[in-house]
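Note that chain A is present in both complexes that follow, paired respectively with chain B and with chain C.
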Partner chain A sequence: MAAIELKDVSYRHPYTKESALKHITYTFEPGKFYGVIGENGGGKTTLCNLIRGLIPHFYKGRLKGDVLIDGKDIRDWVLSDLSAKIGYVFQNPFTQISSIKSTVFEEVALGLENLGVPKDEIISRVTTVCEQLKITDLIKNDPNELSGGQKQRVAFASILAMDMDMMIIDEPTSQLDPEGTEDVFSIIKLLKDQHKTIILVEHKIDLIAEYCEEILVMSNGRLAFSGPTHEVLGNPAIMEVGAMMPQSAVFGHAMKAAGKPLQQIPINQAEAVEFVNARKEHYGN
Partner chain B sequence: MDTTFIESFKSYQKTGNFWLDLNPLTKLSICSAFAMSALFMMDWRYGIPLSILCCIVVALAGKFKEFFQIYGKLSIILIVFIMIVRQLGTRPENVTPLINVFGWQWYTESFKAAWDTASFILGFSGAFLVYFITTPMRDLMYTLEQKGVSHETSYIMLAAMQNIVDLRKAATTILDSQKSRGIETEGNIIVRAKAFFPTLGPLLLSAFTGSEEKLIAMDARAFSVKGNHTFLRELEPITPKENILIFLAWAIALATLLSKIIPAVMRAVTK
Partner chain C sequence: MAIELKSVSFKYPNGFVAIEDVSLTIHEGERVAIVGQNGAGKTTLVKMMNGLYKPFKGDVLIDGDNTREKSTAVTARKVGYVFQNPDDQIFNKTVREEIEYMPRYFKLNEAEVEKRLNYALDLARIRPFLETNPYDLPYPTRKFVAIAAVIATKPKYIILDEPTAGQDKHGIETLENMIKRLEEDQVATLTITHDMEFAVRNFKRIIAMAHKNVLLEGTAQEVFWNEDVISQARIKKPVIGEIAKSLNCEGNILFCDELVDSL
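Up next, the complex of A and B:
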């Protein structure tokens, strides 16, 4: 059974004339890693809100079409049941801190407390997640006093600790430096290895290219392109709808235009090196 | 990784300080009993020693500085205010002159009455201030949740406290950004007011949008999931020793009440 199914879904926010999502049809398979890219205002976050059930349970407005989570219509789900099923890390780190916990350790444990997980297990899971996200030296700090990047890590750790099968991660690295970004992606890779269903919204296209199995390109509320990562990110047409191509793919197309095509358009650095070496071996240049 | 800190969650939270480690409801009961006793006595001979006792308790709890910052100001304002009001409200009939300050006559009776009222308020407020200075709000909410207060109420109370801090920070940020654009934000009260009032719009708007996102963030943490919640941080329930302390505190309160009622009854009977 599909993890999430969207059937001709359109959505319009209250008091607006234009739909934020237009005729989206897509199936998310369990255990796969999806990347959502596209221009700002293209509908990426609205799509996340929809899959997480915040639309229509929290944000009203006009929803058409069917959204099925584990085969059950989103309208029939209770929001609290979805919150125990789908993890959601969203963009703004400043509002993701609960304001009621006085240490980072307790903040990360909050979701598990709400789920009624036994105390020993909470301690073990929170400890592991803090180690994975390299926030062990922050565990005694007041979460309200952290920097944006630190708050983002704590918010991510909090959801990660809840260990849910599906995760929606909306720009988890927007406040992070390159090192922090690498750390977060190494965790996301770990989740991928655990066969979690992951939907990641991210502007860092080279990282998306490296980790995701399928890509959705959103533009003006429509699903402009979708499919396997190679197919979508190697297609220069995605740039016409405001999405970026990975540097390696741009290089591959440049080689092709120069009359020196590689065996395939590379979408990450490792592939670019591999294809260039293969070409050198074959053609000598 | 601080393993001692992590291990501390496996047992009841303790600081090693006798007063701080009392159950929040025990502290509340004791402080309420003493506050009530100050109310019953209405006498400076009880109010002032109670105020001193409050200072000793917070000093032993290591919170004297925080306590005195509030209590010191409160004491001065209260005493001065009540003294002046009492003197102004005294009619110069059947009263004993006490002192003349630059032509303003003060009377012994109004001075004593003012002193009794001020010391009662100081004793009463001091007892409650001791409680709030030495009891973190989260501890109080934890114990109230144990007694059946809802998870949601507890969250609202705790988040409201933090929101005050957050709003203050947001106001400072907006004022700083105004300053960087060349708008005068410092100077006399009119200049400050002119700079401050325009910040209210963005401040309230950011508070509203922040609340919406906070709601979603809490939902993401399974806040509304039904069923029993776990408490990572647990406090020791009220012990038999604490029950004795509560009993003693209320016995004192009762004694103060009786010390006022019995003489009044006796007077009524002898009349």
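Up next, the complex of A and C:
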């Protein structure tokens, strides 16, 4: 059974004239890693809110078409059941931090407390995710006094601690340095290895190219492009709808334009190196 | 005329030393990027340049004036700082009021207020949101409101803290055009960034920070082809550079056309 199925879904926020999502049809398979890219205002976060059930349960407005989570219509789900099933890391860590807890440890434990998880298990889970996200040193600090990058790690840890089947992660690295960004991607990869279904919204296209299996390009509320990562990210047409192409793909197209085409358009570093070496071998230098 | 840091150190009230003995000069009209891992002291350093923080040791001179002898308001008129989180900065009910706030505080005449408003709106490309409440705008757009408000104060030096965070292709293009326009108008831009591709494309001088100090300042080539600096500052070589390195290309390549030519 599909993890999430969208059938001709359109959605309009209350008091607005234009739909934020227009006729979206897509199937998310369990255990796969999806990247959602595209221009800001294109509908990426609205799509996340929909899958998470915040639309229609929290945000009103007009929803058309069908959204099925594990085969069951989103309208029939109870929001609290969805909260225990789908984790959501918010785009802005400054909004996710609860501001009601006085230490990082308590902040990360908050969701588990709400689910009524036994104390010993809370302690062990929180300790593990804090290690994974390298925030063990901060567990006694006040979450409100952390830097942007630290807050982002804490926000991520609070969701990770909940250990859910599906994760929606909205720009988890926007405040992080390159090392922190790679840490987050390696944790997302860990989740993938545990066969979680992951939907990641992210602008860092070179990392998307490296990790995701399928890509959705949102533009003006529509699903402009979608499919296997290679097919979508190697296609320069995605730039016309405000998405970025990986540097390796830009390089691949530039080689082609210079009359030195590679066997295929590379979408990551390793492929670029491989294809150039293959070309050199072919021409004997 | 320049921002000069002379053996500057900074200690937070809780005793944490964030900057230790930094000496650095930012010249009039130049474009400089500061890179380095979270916690390296980048934001603390720039907050000393606009007078928000006064050094614990050493001196910060803005066009020769010591920030210790001037109020933050006076220093900030020359050195504009755009906060990393726009919500730390924005407090007016509409985009227009936010941008006009400082020019009106300076008691400029209507024509000048209008001129500055238009200049800032054009550079930040936020004219459609003029009468919108900034908090009804998405985060990346709100960041441009914060930038526009600082541009409207007409500083000689403008400091951007992580401007590319959360920006899409259009947002990054807007920033790049803005930095060019500011340079034409003789405004220096100093940018803290984690986006190495953005740093390489737009800044002639790069400052790599680590361990509360400047590790190396130099051209993009000098910084991003110095493996020791990369590992100590925990930065990353841009993708094209990585490909060139794996292919053993010569010439410290960082740009796509250079790489294509070399193959």
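Operating definition for what follows: the second predicted complex is superposed on the first by the 283 of 285 C-alpha atoms of A that agree within 3 Å, B and C clash if a C-alpha of one lies under 4 Å from a C-alpha of the other, contacts with A are read in each partner's own complex, and residues count from 1 in each chain.
One rule holds in what follows: a contact is a pair of C-beta atoms (placed from the backbone, for glycine too) under 8 Å apart; a residue touches a chain by one contact, two chains touch by 3 or more.
For clarity, every value in this text was computed on a predicted model and none was experimentally measured.
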| item | value |
| --- | --- |
| Which superposed partner A:89 touches (first chain B, second chain C, both, neither) | first |
| First, second, both or neither for A:99, with chain B first and chain C second | first |
| Which of chain B and chain C A:128 touches, first, second, both or neither | neither |
| Contacts of A:10 with chain B and chain C, given as first, second, both or neither | neither |
| Touching partner for A:40 - first (chain B), second (chain C), both, neither | second |
| Which of chain B and chain C A:220 touches, first, second, both or neither | neither |
| Which superposed partner A:141 touches (first chain B, second chain C, both, neither) | neither |
| First, second, both or neither for A:239, with chain B first and chain C second | second |
| Common interface residues of chain A - those touching chain B in one complex and chain C in the other | 92, 94 |
| Touching residues on chain B, where the partner in the complex is chain A | 1-2, 5-6, 9-10, 136, 138, 155, 158-159, 162-163, 165-166, 210, 213-233 |
| Contacting residues of chain A [partner chain B, same complex] | 52, 54, 58, 79-81, 83-84, 87-90, 92, 94-102, 105-106, 109-120, 122-123, 127, 130-131, 136, 139-140, 144, 155, 158-159, 162 |
| Chain C-touching residues of chain A, taken from the complex the two chains share | 38-41, 91-92, 94, 147-150, 171, 174-181, 203, 206, 239, 242-244, 246-248, 250-251, 254-255, 258, 260, 269, 272-273, 276-277 |
| Sites on chain C touched by chain A in the complex | 36-39, 43, 84-85, 87, 138-141, 162, 165-171, 194, 196-197, 234-236, 238-240, 242-243, 246-247, 256-257, 259-261, 263 |
